[in-house]
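What follows is a set of structures to go through.
There are two complexes below, and they share chain A, which is joined by chain B in the first and by chain C in the second.
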Partner chain A sequence: MTNLVMPSLVYFAAACLAPLIPHARLRAVLLLGVPVLAAATFFSATYGTSHILPLFDTHLKIFRLDALSYVFALVFSLAAFLSLLYAAHIRDRLEQVSTLIYAGSAIGAVFAGDLVTLFVFWEGTAIASVFLIWSRRTEGSYATGLRYITAQIASGLLLLIGIVLFYHDTGSVAFERMTLDSTATWCIFIAFGIKCAFPLLHNWLQDSYPAATLTGTVTLSAFTTKLAVYALARGFAGTEYLIYIGAVMTLFPVFFAAIENNLRRVLSYSLNNQLGFMVVGVGIGTPLALDGTVAHAFAHVIYKSLLFMSVGAVLYRTGTDKASELGGLWKSMPLTMVLCIVGAMSISAFPLFSGFIAKSLIVSASEPYLWVWFALMIASVGVLEHAGIKIPFSMFFGHRSAADAPKVEEAPLHMIIAMSFAAGLCIAIGVWPENLYAILPYPVDYVPYTTAHVVTQLQLLFFAILAFALLMRFGLYPLEYRSINLEFDWLYRRFLPRLVSRLAMRVTHAWRSLAGRTTAIATRILSYSPPANSASTGTMVLWIAILLGIVLCLAYL
Partner chain B sequence: MPQFIAQHLPILQVIVPLIAAPFCALISVRNGAWWLAFVTSLVTFAISVLLFAATFDGEIISYHLGGWAPPIGIEYRVDMLNAFVLTIVSGTGVLTLLYARASVAHEVDAKQHGLFYTAFVLCLTGLLGVTITGDAFNVFVFLEISSLATYAIVASGAKTDRRALTAAYNYLIMGTIGATFFVIGLGLLYMITGTLNMADLAQRLLEHGDSRTLRMGYAFILVGLGLKLAMFPLHQWLPNAYTYAPSAVSAFLSATATKVAIYVLLRFLFSVFGFSIPFEADILFLVVLPLALAGSLIGAYIATYQDNLKRLLAYSSISQIGAMLIGVSMLSASGLMAAIIHLFNHAVTKASLYMVAGAYAKEAGTVSIRELRGVGRDMPFTTAAFVVGGMSLIGIPLTVGFISKWYLVEAALMRGWWPVVIVIVVSSLIALIYVGKFIEAAYMHPAPQGIIRREAPLTMLIPMWIFAGLSLFFGINSSLTSEAAARAAQGLVAASSLIWQ
Partner chain C sequence: MTNYITRSVLIVLGLICIGLAAVDLYVARHSSLGFDSIPFFYCVLGFIAYAALIFMAKALRRVISRPENYYGLQAIDSESEAKHD
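The block that comes next holds the complex of A and B.
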């Protein structure tokens, strides 16, 4: 199968050609064909297919198709399709081209069989995606984009360092399972960690996703972090650290999400929390857990896109994504409301929705680790609170009645289609999980719909809803505070610069006083022009005599 | 006939210019002297290239003058090292003579052209002779030929600036003292050994062992050559001589005279004395190294204050000579190699820079940096050549200066001499100041009012750019020069009795 076209090349070719199509609507329609065409190149290919590119004295495996890469490539293709469909009204060629390159790089990275290829596409996703933020063309988004690209490039550089060291250590650049026993693998691990938004490395995510264009956010939410999850699953499956990192990741965003007012940021925190589940799955590393991770990533990309799309649709119509400024839209945007609730139920893992059948795998796999299992349970409650209830509630119901809400139109048709498509997938996966289970990397004999599972989950959900209702009743729930919440990034965006600038002031003062004192001396030295002008013959001869004397003395000693 | 020529190449190298020289003074045809000198230099260059090619694979050519065998007769001995230096000297001769036609016509009285070219060719003869000979006294003889000729051609700059006369006079006094010291040293060695052939000398010195006389001789030869090669602080004759000499002469001398002196120093230190007795290396370490370090810093520092471009370049030369001596005093194969490659690299760089200065002298009538403001717009090609040469002085990658600095730093690191590395880097940074100072004046400032400057003629631009091009070419592909330098260094290594790392 050497004539197999690389799927990423389809995207790149389209990215080159798309801007040439003058008619905006035609362009949008044609672009929809790109993910389909790209998916067709690998959809029916057999596992084990690979492409080798000879380069210098080594061989790069630029394409490797196996069960793991297949699932991720498939869901990335789906996500690309959904975001292009959702963004059909966009005329901005820059945004379209960067979406294509971004998706193409992500798929290329998933298929990368060696670290060098991975690095190239890794950087490709970083550079292409920042334009989705810059496409908003505001000063704020420019600054955010710079912060975002800084984090992404840092990840890329660490990866590069890791690859170089790894090659030095082992003489191979194959991208296979690694162990954390050398600087090289630690560098690669942290590079993955940055993209995966590990705790304390996560701030770029909540900072940048809400700042992108409303279509850009949908695109961003799908690729970068899931690519990192894929890379971790490929390279560091069964690394125990990941279990604890993941557990922390599922927990802490819950609280920030609960108090956040910007709904896209709420979703970004929730995204981070969902990544935690996947990271736990990778860390456990059993076939069941890895299957859970992959299934969760698959389901997650779809329902998270759906949620971002619904918030985006509201933002598109009302011009705001702040909970405090929204509410009561159920009457004017009923379809969006229904679709949003489907997404919310999926993320909250209601039975018969995709989140349930995916998350159950990870939760079941985590049972040997009691505390982790407990953390995941708490986190699940949190997910329901902030994503499952807060998002639809604050947009469509909330503090305003339908009468008070501004009269807006329903979301545009193409957005509704995109959301319906995603919602349909969420339900289809939830109802017929076998289809998803069939393509997972390891054979699954897991039955999600047992009485015990369903009852446990429903108990959890209903008690959570009860808690929410009670808190609302007594006005204790921090639903819509207009506030800026202090996060870890305060440390490096405020505290460190302030510390540094204060230090710099001190140094400047010290330097000035030192300089002031030395200037006088320096001026005296510098104003003295060295005796360049004709030394007299006598002086010259004196020098030669002195030197001869010194040499003779030394020679005699 | 070709067979005959091939056999006698070493002597032809010297005898051709020696015979041609007086005829330069006799020819009365217009420009005839120049033509004769130029053709002579071409022939000598061709001979050098043949010798270079013959010795490149490590062969040593030993030529017996008049058929008299070595210890008694005079021997010409060509190995990689002096073939390399011969090529530098004769190649510079060709290009500077090409350049000299326009430049000298402007700077030297037409009546004196015949004598000027006679002296010039004699100077070339002397330098080639010093380099090629294997006889210690012969070195002195040719050193005197070249020095006397040099005094004359430096003095011929008197048409533009009368100070050329005092400069030449000072040079004469100092040069004579240096030569005297050298010959005293030779005399002392002769007292010990009774021979003047270098190879034989080395052999007998080794057998003779340590003595006061030997130490005396070593001291005199070291100091005498130190003066000839302008080792700090014996450099004071150099700035004035190079500043007031005609520009073609400055270009020629800066690329050859001090380089040949360094060659002689290397030859005597390694091939004759050979470091068989510890004090030789000690003195190098205690005297030459500190002076070289001081010279490379102080020379560069003083250069930053100069307004006269030629004087600036002269002080920069002192700094660069310091760099070469650093390489020599490391007493390691890599250090020697760095010094030898810098010999070539600095020759091409400095020659092109002096040619630039000469072009300014001719077209703008001044070499004062202040008065050359804005010259970059009026004389773009000339000034661009300065930028190339200047970058090489600083040691920016892709220029030969970088190659030299690289090897030098590497050699210093190999010996673990961190302070020396710092000195090398600092002197490069100071070079940035003095080069930047001129480039700023040439490009950033508007030209003074009412000055008309035209681009230099092609006969000046071509040799200037050949040198500039060489300093780029060998900066990018240094395989030939570094190979030759490495082999030359190996040759010296093999001749000495130091135990090498």
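The block that comes next holds the complex of A and C.
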């Protein structure tokens, strides 16, 4: 136990104070200090530092610093800084406060040493983040936000049920490695799975991220899903199911991303695919695989932010993020193009970029699982397709020449600075991987830059690019047009509501018909009986007396 | 759209690929997989995986593509984009 200030409290204090600063520009500058100040609280603290909070007859470990929590907290701090810098033009206090509470909650959750603290911050991320979607202030974003928060609350509720059952089973709420041998741990596992966008639990991600404000999407892309990866790495490392879940996650989004018109949704599918790599790493659970997961999460947060920022910059200048409406911007936004390509090369794992030194740890660790390794290789080609080629190509080249493209200005200076910072980190991590390897949870005995590894990776990537060029040349590459693609969420967004509505209509119809027939029958019967006023009161009393007599006789028999 | 993929770009790409394929014959691999030591394994994998992915995605689009306003006001897809920020 130490006197260390909890980093999440720095964010929450700032969230309370920020709206009081009337000058928007001053507020934006001061906000940049928040992630720096919060990171300073744990940056040089020693592993093993913890805070214990006595509560009723138990103790909650509300802060635990170790190698795993350190790396995630560090990259979340970086992401918060990048998001706030990128959003420096924003005047909306609601969005700024949501960003601070969201980032603070995510960092608080990473440092949670017990499940109760984790639950509190878990819900904090859910509630704060929905305002980044609602800040768009359109009817569609309101409806999307409701779907998003429903998924997030479902995850929180399952986590709560899991925690209660876990406490009932074990008498402990410590957040340590668990096994899937009880209802409690399954509830917790699925709660993590919802936030991690497991297959069939994933639609909230692709639905909601493109619906947020352009700055909100950058923030959203960093925290929720990586928090889930952290939670899985902490709680379920070595769980074999995760290897196969992760392999499916890497593969299926690449097909949807290839034909998606909304570029922020393309990146959301891409995010889902990248999470798959991390989940495979957690499932394998060896030190190399876990190091790979953490390194990949670290590199991914930065290059994915960079890609979302570049699409956001184009959206900011042109008013659209749809591939069908874009193209030819290389001349008007050259800096954004270069920075976007750095992000694209990082995610595609080109040598000397961050993705290469991070993803290869997981791919190497997956070699004992042949089909999984194969899936990861195909998924790597898919990443190159949608994030490496499609994103920069459709914005800066695409179906328009520079002469036909709208004349727009380069992205604002603060956006360029934020993107340059992220791009610099992507290259620095790729060129000097030892700095990232040094902070990973386990000692890294892995050399990414061997001749064979570099050559095989370049072969994979360049031959895929050759395939792209040939498909383009012969007009076989799919052109984008204004459309959406149906997904699994069609089931609950269209099919089930319509089914319920049709069933309700049929039941109502059947009920009305039954009521009508009953009335008709009753009317017919009454029309045959003598009029009610024709029987005298005496006759009625006589009959009641007879009936009563019969009942009494039967009772005494 | 094909203007960008000019003959010269294709030639440069082709030369890079030929160079990379040639290097393959001189680089010894130490992977535990074994089968990836087959000459040009990664070249073929990259090319075929990419092409197969595109054709499968195109086939998938025929089944699942819908107009932008399919979900109406319940989604952002048909909203005017100028409303951002």
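By definition in this document, the second predicted complex is superposed on the first by the 510 of 557 C-alpha atoms of A that agree within 3 Å, B and C clash if a C-alpha of one lies under 4 Å from a C-alpha of the other, contacts with A are read in each partner's own complex, and residues count from 1 in each chain.
The rule is short, and it goes like this: contacts are C-beta pairs under 8 Å (C-beta built on N, C-alpha and C of every residue); 3 or more make two chains touch, one makes a residue touch a chain.
The model shown is predicted, which means the values in this text are computed figures rather than measured ones.
Novice: Based on the superposed arrangement, let me know which partner A:548 touches: chain B (first), chain C (second), both, or neither?
Specialist: First partner only, chain B.
Novice: Touching A:471, do we find chain B (first), chain C (second), both, or neither?
Specialist: second
Novice: With both complexes overlaid on chain A, does A:539 touch chain B (first), chain C (second), both or neither?
Specialist: So A:539 only meets chain B here.
Novice: Quick one: classify A:556 as touching chain B (first), chain C (second), both or neither.
Specialist: So A:556 only meets chain B here.
Novice: Compare chain B and chain C by how many residues of chain A each one touches, and report the one with more.
Specialist: C
Novice: Just chain B (first), just chain C (second), both, or neither: which does A:52 touch?
Specialist: Neither partner.
Novice: Figure out whether A:319 sits in contact with chain B (first) or chain C (second), or with both, or with neither.
Specialist: Touch partner of A:319: chain C, not chain B.
Novice: Show me the chain A residues, by the header's touch rule, that chain B contacts in one structure and chain C contacts in the other.
Specialist: none
Novice: Under the touch definition given earlier, write down the residues of chain A that touch chain C in their complex.
Specialist: Residues 90, 136-141, 143-144, 207, 210-211, 213-215, 254-256, 258-259, 262, 315-316, 319-322, 367-368, 370, 373, 377-378, 381-382, 384-385, 397-399, 401, 450-452, 455-473, 475-479, 482-487, 493-494 of chain A touch chain C in their complex.
Novice: Chain B touches which residues of chain A in the complex?
Specialist: Chain A reaches chain B through residues 529-530, 532, 534-535, 537, 539-541, 543-544, 547-548, 550-552, 554-556.
Novice: Enumerate the contact residues on chain C facing chain A in the complex.
Specialist: Listed in rising order, the residues are 1-5, 9-10, 13-14, 16-17, 20-21, 23-24, 27-33, 36, 40-51, 53-58, 60-61, 64-68, 70-71, 73-79, 81-85.
Novice: What residues on chain B touch chain A, complex-wise?
Specialist: Those in contact with chain A are residues 163, 166-167, 169-170, 173-174, 177-178, 181, 212, 215-216, 218-220, 222-223, 226-227, 233-234, 236-237, 239-240, 279, 282-283, 286-287, 298, 301-302, 305-306, 311, 315.
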